[in-house]
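I'd like to ask you about the structure that follows.
Chain lettering (A, B, C and D) follows the sequence in which the chains are written, and residue indices restart at 1 in each chain.
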Amino acid sequence: MKVGVIGASGFTGGEVLRLLVKHPEAEVVIATSREYADEYVFRLHPNLRGATDLKFTPPDLKRITEACDCVFMATPHGASIKYTPQLLEVGLKVIDLSADFRLKNPEMYKYWYGWEHPRLDLLAEAVYGLPELHREEIKRARLIACPGCTATASILALAPVVKAGFADLDHIVVDVKIGSSGAGSAPNPSTHHAVRAGVVRPYAPAGHRHSAEIEQELGAVAGRELKVAMSAHAVDIVRGILSTGHVFTIRGVSTGELWKAYRSMYGSEPFVRIVKDKKGLYRLPDPKVVVGTNYCDVGFEIDERVGRVVAFAAIDNLVKGAAGQAVQCFNIMLGIDERTGLDYTGIHPA
Amino acid sequence: MKVGVIGASGFTGGEVLRLLVKHPEAEVVIATSREYADEYVFRLHPNLRGATDLKFTPPDLKRITEACDCVFMATPHGASIKYTPQLLEVGLKVIDLSADFRLKNPEMYKYWYGWEHPRLDLLAEAVYGLPELHREEIKRARLIACPGCTATASILALAPVVKAGFADLDHIVVDVKIGSSGAGSAPNPSTHHAVRAGVVRPYAPAGHRHSAEIEQELGAVAGRELKVAMSAHAVDIVRGILSTGHVFTIRGVSTGELWKAYRSMYGSEPFVRIVKDKKGLYRLPDPKVVVGTNYCDVGFEIDERVGRVVAFAAIDNLVKGAAGQAVQCFNIMLGIDERTGLDYTGIHPA
Amino acid sequence: MKVGVIGASGFTGGEVLRLLVKHPEAEVVIATSREYADEYVFRLHPNLRGATDLKFTPPDLKRITEACDCVFMATPHGASIKYTPQLLEVGLKVIDLSADFRLKNPEMYKYWYGWEHPRLDLLAEAVYGLPELHREEIKRARLIACPGCTATASILALAPVVKAGFADLDHIVVDVKIGSSGAGSAPNPSTHHAVRAGVVRPYAPAGHRHSAEIEQELGAVAGRELKVAMSAHAVDIVRGILSTGHVFTIRGVSTGELWKAYRSMYGSEPFVRIVKDKKGLYRLPDPKVVVGTNYCDVGFEIDERVGRVVAFAAIDNLVKGAAGQAVQCFNIMLGIDERTGLDYTGIHPA
Amino acid sequence: MKVGVIGASGFTGGEVLRLLVKHPEAEVVIATSREYADEYVFRLHPNLRGATDLKFTPPDLKRITEACDCVFMATPHGASIKYTPQLLEVGLKVIDLSADFRLKNPEMYKYWYGWEHPRLDLLAEAVYGLPELHREEIKRARLIACPGCTATASILALAPVVKAGFADLDHIVVDVKIGSSGAGSAPNPSTHHAVRAGVVRPYAPAGHRHSAEIEQELGAVAGRELKVAMSAHAVDIVRGILSTGHVFTIRGVSTGELWKAYRSMYGSEPFVRIVKDKKGLYRLPDPKVVVGTNYCDVGFEIDERVGRVVAFAAIDNLVKGAAGQAVQCFNIMLGIDERTGLDYTGIHPA
């Protein structure tokens, strides 16, 4: 299948390219970048040196629609809405990695993005691209709205606890730790290495936009509206997210019950591993272990004394949190093995 | 004043030495280490090369009592109880950096440390060495029990919110991020650089022993018993703790009210800075900014949508979280300027 | 082909496992570890969770010879010599990642390892497993001595300059920078994260054992004996080596001549990329770009003013510097595509 | 003494401020920044929160000359030349941290900076601000040209070997490793944390401008012209430089001779420590140990086999490599204890 990557010079776009240039069912025919047009892709993404001779081209709707069957939008929020409707119109499939089609409730766009969404029909049609919750819809979709990175981790960490009915839905805290690649590739004073190295910096202590997605999806799982008290922190890693969900429980919950909740939800998921060991150094999820991979490691701990479950999920924000999940959706849409092009382990020590 | 440092080869002991060798009112006469007896102190603490010619000596009670007026115990938990009673008996002052005298309720030693405390009289007498809460008692103390590092940060972050009566005391979450020096200097597989670098590793997701201190001190501030839902994470820094307190509030709270709560508690504290700016890159506490210093930076954010206050505190775990706080107590006990030997800024970028 | 990995619990052994469990022509039937016998492999190598259910077994010569066709020795230096002769005797192939068969001159074992080599016949037979220099011999070998990690980088950086006859062979400086995984997985005070993070630590400023290999191989390329002035430094990365060769030249050399020298040597090599760009951020080799991969990126710069060529090579010490190179040799011995199981790109940003 | 800091918003300027706000003989009356005029200094340099209420002001020559007795120029190269002559004219002293007055030979400005120096008189008058070589001249100077950071480390590492006459002056290699703060505070793609973290990036493999200073100063020590083959590498630290000098020797040199050479040069220097231990983890200089301090740790190793001395120097590029050295010169000019305001140790582990 011929694919295009729009916004291919950023970290997420580069990661989509990395996964697609070796993907047996995809042929990347277009990688757009306004700023780096006519430059070799490997000049920006040095890992691809020798793997592709592709050059960036300026985004051109006509060229894209002529050349591609499917388009990955790795654009900043607000850009996809300008292209996607036209791409769909001429029959292309769109896998959007931006936020432009993630929220079902148009009111939420006003609240979180200060933006009146112009295409409620597409908003209704778009499928939230989290295979673990929406696999069947993804199969039939022509427009996928890939989840935000911290949303992916937070939803996957908490969904089993919420679904099992254990959670006090009024007191859910989500404390996220994220690496510097999550800030995007554009340099600014806050991402300067000297300033960014060694931080544990509160970033979006309240009002993180991904709250909206988490609430939408966990609310659907719970069958009622809910809010999450989310705070994000920048830590000194390049890739990776650990989402720590602190959930007060409505009653005492046993380890067995929790194992059952996680297993019943993820037991046959190709990219979710339940990590809850009794020994060893790697007893609970840690993003270090999944760097570069499409795995989401989930795990939990019971805090009986306080009446709390601590639920963890670790992902690589650029893979399972973005490009890998997009390719996973692509595979599902194509009807091929979901693991195609994603079936490799991480490295250790990373 | 002649001082001894017991357990001087570890990270905490080294930090006590660093602060004392330049302290105008202290003369370090003994630095003990069983393992490194007869070795120069700078061999273990290379920063002290040229600053002291001291050598480690084996711990010897007689020698210590003869030579010292005041002793800093930088020993592992369980060791101080063996020495401290005898040191006090012969009239020395003891500043204990271990956990052996921190908890007022003897039952708590059984629960958290699996240990029957043998000296309830000293437990009753010992002063919890957090100057911001116990300055007056410290002045008159002969035995100081210095707080645990994560406890220092968590208590200072949350005390103003609790004291002001804003907090729903049944749903307090404390999410801690800590550097590798917090694990002590003894090497083990989990602290190997290759394994430890780049982690966001859940460590003590439930049942962290410092919970006991936090509950003791915040309970005293609140005037009732309370529990905290605490989880700690290891992150890729050497020094530093960020404690993020997620506090659901019992009613809407304004920024002004919170400023007032923090100011009334810390307005004249020499080592607490309230960091809550509206602009710039350093709007909230970050341990990177306080590395090497005795500062505790505190700050907060209101999450109106959810009805929550997020309270932050950043410290250097080895300074304000251990050796610096001990020296601050020492200064208070001596009746000299509390900032003596601690009055310097951090470096930026660190 | 049925393979065994001896010494499988260390970093190198784990990396061999990572590459072999997904290798289409290899079936790992044995992974030995005395210390972790009966433990799941993924308990030590958490990246392999879900990828293999293999358990460690104690090393047992009989079991190994019965079960395996080929054995990877990921053992400490001095251990391979105890097993390898017996394995060869019963017809197995051995790919040795240790130093036990690398040096052709037995005198060198006395000098560098303080050790009289007991099997000069095998020393003579063993093939130095650097495909770029010894591919034809590897094809026919039954015993491969894989190069040391810093040797791999240093030889590949310098061989073209030496071969072309540009180098003043009496003044070759090799300045190596290496990550913490190079120290092996056993914890010790020098690898503690708090102590190891942030270092630029001179390590083996003179007398690095890999000097012997570099001199052996570059000497063979030069057609005369030579010495290299090698110094190694530990830097704050987990994986990776940059070898910087400072070569005074016997005459002025042009960029074109050097390009020709590197191209003629590496132009058709599957795992050597010549990185010498005129623009962009990635103009010369950097280990960051090859982390996790089997690539060796080489490049050079001419310092006309001084009469010097600076030659660079960047590798992942655990892959092209150890396990990946071993698998590359394995592929060559098997007569299959050399890239089998190794044909993937790195990630960016890593 | 009333001092001004011109270019005070950058890393170097901030470091000058850090050292001066606590300096007993200096009163900072002006800190200029065009970009951040009217902003609190602590907004850019968060370590100074609570230590000063100073605000940035736009650079204004009249105001500076009226308010200050001495000015620190922490400006980009090419800016000092515009201000300094006028400041000197009205009787101020100038301590210039830029390159504008470092090179005695005007030809060198053309070669290295592409720039015709307009004030040969001031070039002749300016004193190269390396106290270890020019203390007496500094005492009498009104214009100090502070050395470049890599020059400071490289000169101090090599001067004793050169002075003692051991060095083959035609084959001196200087291999420098430097942290990210050396790139200045302006953000750009190459300093983005995600891109910069984990690198061992060849940077200025040939033609580093500091070569000119090193050659000027070592040439003066040697008593003849010489060239150094210098290459610099960016490594993953924020602060710090390790300069590794590889010096082929003209004859066999003993450890005792080298000790003597270093001791005779640095034995009474307050900020140079000779680090060459036979045991322990800290046997040779490492910038980690001097972070935040004005120390330059130097050390050496003899490589008898090759006929080489490896000479090391470790500094904090922002302190002994810039602001600290400037303050040291300031103290010397003032005739006060050279250690004033600089007399503290580093932290360990940093």
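By definition in this document, a contact is a pair of C-beta atoms (placed from the backbone, for glycine too) under 8 Å apart; a residue touches a chain by one contact, two chains touch by 3 or more.
The structure presented is a predicted model; accordingly, all values stated were derived computationally and were not measured.
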Of all other chains, the one whose Cα centre sits farthest from chain D: A
Gap in Å, rounded to a whole number, between the CA centres of chain D and chain B: 36
Centre distance in Å when chain A and chain D are each reduced to the mean of their C-alpha atoms: 45
Two or more partner chains touched - positions in chain A: 11, 181, 189, 194-195, 197-198, 236, 238, 281, 286, 291, 349-350
Chain-level touch network, classified as line, ring, star, complete or other: complete
Of all residues in chain B, those that touch chain C in their complex: 11, 179-181, 183, 185, 187-189, 191-198, 236, 238
Complex contact set, residues of chain B against chain A: 171, 173, 175, 177, 189-190, 194-195, 197-202, 205-207, 227-229, 231, 233, 235-237, 240, 242, 244, 246, 248, 281, 284-288, 291, 299, 301-306, 308, 310, 312, 314, 349-350
Touch list for chain C against partner chain A, complex: 11, 14-15, 18, 21-22, 43-51, 181, 238-239, 273, 275, 277, 279-282, 286, 289, 291-293, 295, 297, 318, 343-350
